[in-house]
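Two complexes come next, and they have one chain in common, chain A, joined by chain B in the first and chain C in the second.
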Partner chain A sequence: MEGYEVIFAGSNFIRLLSGLWVTVRISLISIGFSLIFGFIVGIAMTGRSPLIKALCRVYLEIVRMIPQLVWLFIMYFGVTRMTGLNLSGEAASVIVFTIWGAAETADLVRSAFQSVPVHQFESGRALGLSQFQLYFFVILPQAVKNLFPNIINLATRMIKTTALISLIGVTEVLKVGKQVIDANRYDAPDAALWVYGAIFLMYFAVCFPLSLLSRRLTERKE
Partner chain B sequence: MDWSFMTEYAPLFAESARITVMIGGIGTLLALVTGLICAWIMYFRIPLLRQIAAVYTELSRNTPLIVQLFFLYFGLPKAGVVLSSELCGIIGLTFLGGSYMAESFYAALKTVSVSQIESAESLGLSRYQTMRYTVIPQAARAAVPPLCANVIFLLKETSVFSAVSLADLMFTAKDLIGMYYNTTEILIMLAAFYLLILLPVSVLFSLLERRMNRGRI
Partner chain C sequence: MSGNIIEIRHLRKAFGDHVIFSDLSLTVKKGETVVIIGPSGCGKSTLLRCLNGLEPIQGGTIYLNGKPLEYGRKSLVKIRQKIGMVFQNYDLFPNMTVLQNILLSPVKVQKRNRREAKEEAEQLLEKVGLREKADAYPDALSGGQKQRTAIVRSLIMHPDILLLDEITAALDPEMVHEVLDVVMELSRNGTAMLIVTHEMAFAEAAADRVIFLDGGRILEEGEPQAFFHSPQTERARRFLSAFTYSES
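What follows is the complex of A and B.
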C-alpha cells in the first residue's frame, strides 16, 4: 500500500476528522468560558479600584509568562496530585485554556473599552444613565466593533494551542494519526509523511478561514 | 516540599534551560532574518517571490508548531530527509517565527506615510537613500513592540520541542516525573526556570520600549 492511501483506507479519514473535532470542541468550550470570564475581568480592569487593577495585571502577566504546555502539566499532573482530584485530560485542558483565554480576552476587552473616547462615558453620565445602562447601551456596542476581529484571532490561536493536549494523553488528531501510522507500520512504512502532512493541512483548513474573517473585519473597520 | 531534591536536580534543570535558550535563540534569530526578507519582498511587491511569501506566511501562521515539528521529525525521514531533533527545533521555530516577524516588519514599514517617501524623492534622494534615511528609521521604531512580543512568544513555544525528544526544560521535567514522582517539586522548578528565562527578557523589552518612546511627539 502506498503511504497516501493509508489516509483514506478503511475508516482512517473519519477517525482523523473525529480527532480534529476533539481539538476543536475543547477549543470552542474554552473560548466560550474565556469570553464570559474575560469580559468580567476586562471590565474590572477598566474600573477605578487600583487594587483590583493590580490583581488583574498580576494574573495576566503570570498566566502569559509561563508556556501553556507547562500550565497543562501543572494542571494535569500537579494540581491533581496535590488535591487528590481526578481530572481527565480533557477537563484539565478546558480549565487551562479557560484560565489562559480569559486572561487574553480580558486584555483585549480592556483595550477595546479604553479605545472608546472619554466623552462617550461623560455624555452617558450626563444623561443620567446608571453604570449598567452606560456600559450596556453606550460603551459595549462601540467596544465590540473593535473587539471582534481580535477575539477571532484569539480563537485561532487557541485552536492552534489545543494541539498540545496530545502531550497530556488526550486522544486528539495527532494521537489518532500516530495510531494510524503504527497500525500500518508494515503495510505502508512511509505513512508518517502523509498522515502528518494531512494533519498539517487539516489544521490549516480550520484556522485559515478564521484568519481571513478576522482580516476582513479589520479592513472593513478601517 | 523536598528541598534537597530540588537543590540536587537544579544543575540538571540549568543545563536543559541552557539548551532551551540556545535553540530558542538561534531559532528566533533565523526567524528574524526570514521575517526581514519576507517583509522586504512584500513591501516592494516583488513578483512571484511575493506570492511564495504569501503562501508561506499563511501556512505558517495557521498551523500549530507541534504539527510542523511532527511533520519534520517523524514525516520527513520517510522521504529520506533525516533531521536531528535540535535541527528540527531550529527549523520549526524559524518556519513559525518567520511569518510572525514578517507581518510585524511589513506593518511597521507600512506605518511610514507616503508623504514621507514623496518628500524624500522630491528632495532628490535616491531610492536607497529614501529607505536608509527616511523609511527605515521610522519603521524601526514602530517595529520594536511587536518584535519584542514575537521573541517572547517564540521562546515560550520552545516548550513543545520536548515532543521531538529535544532535551529541553520540559523534557527534563517529564523525565524526572517519570523517575521519581516528585511531581510538585519538579513542576515548581519547571515554572521557576521558565520565569527565570522569560522575566528578564520581558523586563528588558519594556525598558527598551520606554527608551524608544522617549522624545516622541
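What follows is the complex of A and C.
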C-alpha cells in the first residue's frame, strides 16, 4: 500500500477527523473559560488594589515561566495523585489550558484597558456615569477594538499547543495519526509523512480562518 | 447662603506631602461667570477637579446650593449631574457619534425619555452650529467642533454650574474664537460658570469676577475691568505683562 492510501484506508480519515474534533473541542472549551476568567482577572489588574494587582502579576508570571507540558504533567500525574481526584486527560487538559489562557487573556485585557486614555475615564465620570455604565458604554467598546485581534492570535496559539495533550493520553488528532501510522508500519512504511501532512492541513484549516479574521479586524481598525 | 451655587470653605488639598491648597475659600453666585487665571501649576485645574469629586479633598467643605458635598459613589453621581465639566483634552467618546455622545448621560444617568432628550440635543446643536454633525463621529470633527459638542454634552444635563478647564488650550488659534463665542453666549444667558483660561481678552469680556490664583492662594479678586487694567499686586502685574508683548 502506498503511503497516501493510508489516509483514506478503512475508517482512518474518519478517525483523524474525530481526533481533530477532540482537539477543537478541548480548544474551544478552554478558550471559552479563558475569556471568562481572563476578563475578570484582567479587570482586577486595572483596579486600585495593589495586593490584587501583585497577586495577578505573580499568577501570570508563574504560568508563563513554566512550559505548558510541565503544567499538563503536574495536573495529570501530580495533582490527581496527591488529591486522589480522578481527572480524565481531557479534563486535565481543559484545566491547564484555561489556567494558561486566562493568564494570557488577562494580560491582553489589562493592556487593552490601559491603552484607553485617562481622560476618557474622567470625562465619563464627570458626566455622572456609574462605574458599570462607564465601563460598559465607554471603556469596553474602545478596549475591545484593540483586544480582538490579539485574542484571536492567542486562540490559534492555544489550538496548536493542544498537540501536547497526546502526551497525557488524550486521543486528539496527533495521537490518532500516530496510531494510524503504527498500525500500518509494515504495509506502508512511508505513511508517516502523508498522515502528518494531512494533520498539518487539518490544523491549517482550523487556524487559517482565524488568522484571516484577525487580519481583517486589524485592517478595519486602521 | 441663598444665591450661592458653589461655596468653598477652607478647602485643603494635597497630593501626599505636596500641598496645593492649605486654606482656600471661594463662592460662585447664581448666574455668575467667574474666571480663574494664574500661572501653570497654581492649582486652577485641581480646584475644578475637586468641585466635582474627581479629586478627593483633605479638608474644608464644598457646598453646592447650600448643601455640603458628599463623596460617596451614589452622591457623586448626583453631584456630577449638577456640575457639568468640560476638559482641555478632546474628551468625546470616539466610539459614539456626536448625538450618541450627547444623549448618553441624559438617557442612561438621568433616565430621561430618549425622544425628548434627542429633541433638546438637536436644539442645542443648532445653537452651537453643529446641527448637521449630529451623526458624525468625533474623528471627523475639528478640535473646535469637538469642544462645542463637549459643551452641549454638559449643557443637556441642565447643570447648576459649568466648569470649563482650559477648553481652548489645545485648539488651533482659529478655532478658539468659535468655542469662546459659545461660552460667551452662555455667560450672557446667566449660566453660572467657573472658567479656567489663558485667554485674557476673553476673560475680561466674559467674567463677572476674576480670581487670580498663585501658589494655591487667591492673591487678587475683583471686577475684570479693574483687575486687568490696574492690578493691585505686583505678582498679578508681572503675570499679566507676560501676555502683552513689548520690546524691552
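Simple rule for what comes next: the second predicted complex is superposed on the first by the 222 of 222 C-alpha atoms of A that agree within 3 Å, B and C clash if a C-alpha of one lies under 4 Å from a C-alpha of the other, contacts with A are read in each partner's own complex, and residues count from 1 in each chain.
Just so it is clear, a contact is a pair of C-beta atoms (placed from the backbone, for glycine too) under 8 Å apart; a residue touches a chain by one contact, two chains touch by 3 or more.
Since we're looking at a predicted model, the values are computed, not measured.
Visitor: Under the superposition described at the top, does placing chain B and chain C together on chain A give a clash or a fit?
Guide: After superposition on chain A, which the two structures share, chain B sits beside chain C with no clash.
Visitor: Is A:Ile43 touching anything from chain B or chain C once the two structures are fitted on A? First, second, both or neither.
Guide: In the superposed model, A:Ile43 contacts neither chain B nor chain C.
Visitor: With chain A at the apex, figure out the C-alpha centre angle toward chain B and chain C and round it to a multiple of 10 degrees.
Guide: 100
Visitor: Going by the contact rule set out at the top, does A:Val24 touch chain B (first), chain C (second), both, or neither?
Guide: After superposition on chain A, A:Val24 lies in contact with neither partner.
Visitor: Which chain makes contact with more of the residues of chain A, chain B or else chain C?
Guide: Chain A has more residues touched by B than by the other partner.
Visitor: Kindly classify A:Ser211 by the partners it touches after superposition: chain B alone (first), chain C alone (second), both, or neither?
Guide: So A:Ser211 only meets chain B here.
Visitor: With the two structures laid over each other on chain A, which partner does A:His119 touch: chain B (first), chain C (second), both, or neither?
Guide: It touches chain C, and chain B stays clear.
Visitor: Upon superposition of the two complexes, what minimum C-alpha distance (Å) separates chain B from chain C?
Guide: 21
Visitor: Once the complexes are superposed, what residues of chain A are shared between the chain B interface and the chain C interface?
Guide: none
Visitor: Given the complex with chain A, which residues does chain B contribute to the contact?
Guide: Residues in contact with chain A: 58-59, 61-64, 66-68, 70-71, 74-79, 156-160, 162-163, 170, 173-174, 177, 183-184, 187, 190-191, 194-195, 198-199, 202.
Visitor: So in the complex, which bits of chain C are touching chain A?
Guide: 52, 54, 73, 76-78, 80-81, 84-85, 87, 89, 91-96, 104-105, 108-110, 150, 153-154, 157
Visitor: State the interface residues of chain A toward chain B in the complex, per the touch definition above.
Guide: Its residues touching chain B are 3, 65-70, 73-74, 77-78, 81-82, 156, 160-161, 163-164, 166-167, 174, 177, 181, 189-197, 199-200, 203-204, 207-208, 211.
Visitor: Within their complex, state which residues of chain A touch chain C.
Guide: For chain A paired with chain C, touching residues are 117, 119-120, 122-131, 133, 137-138, 141-142, 145.
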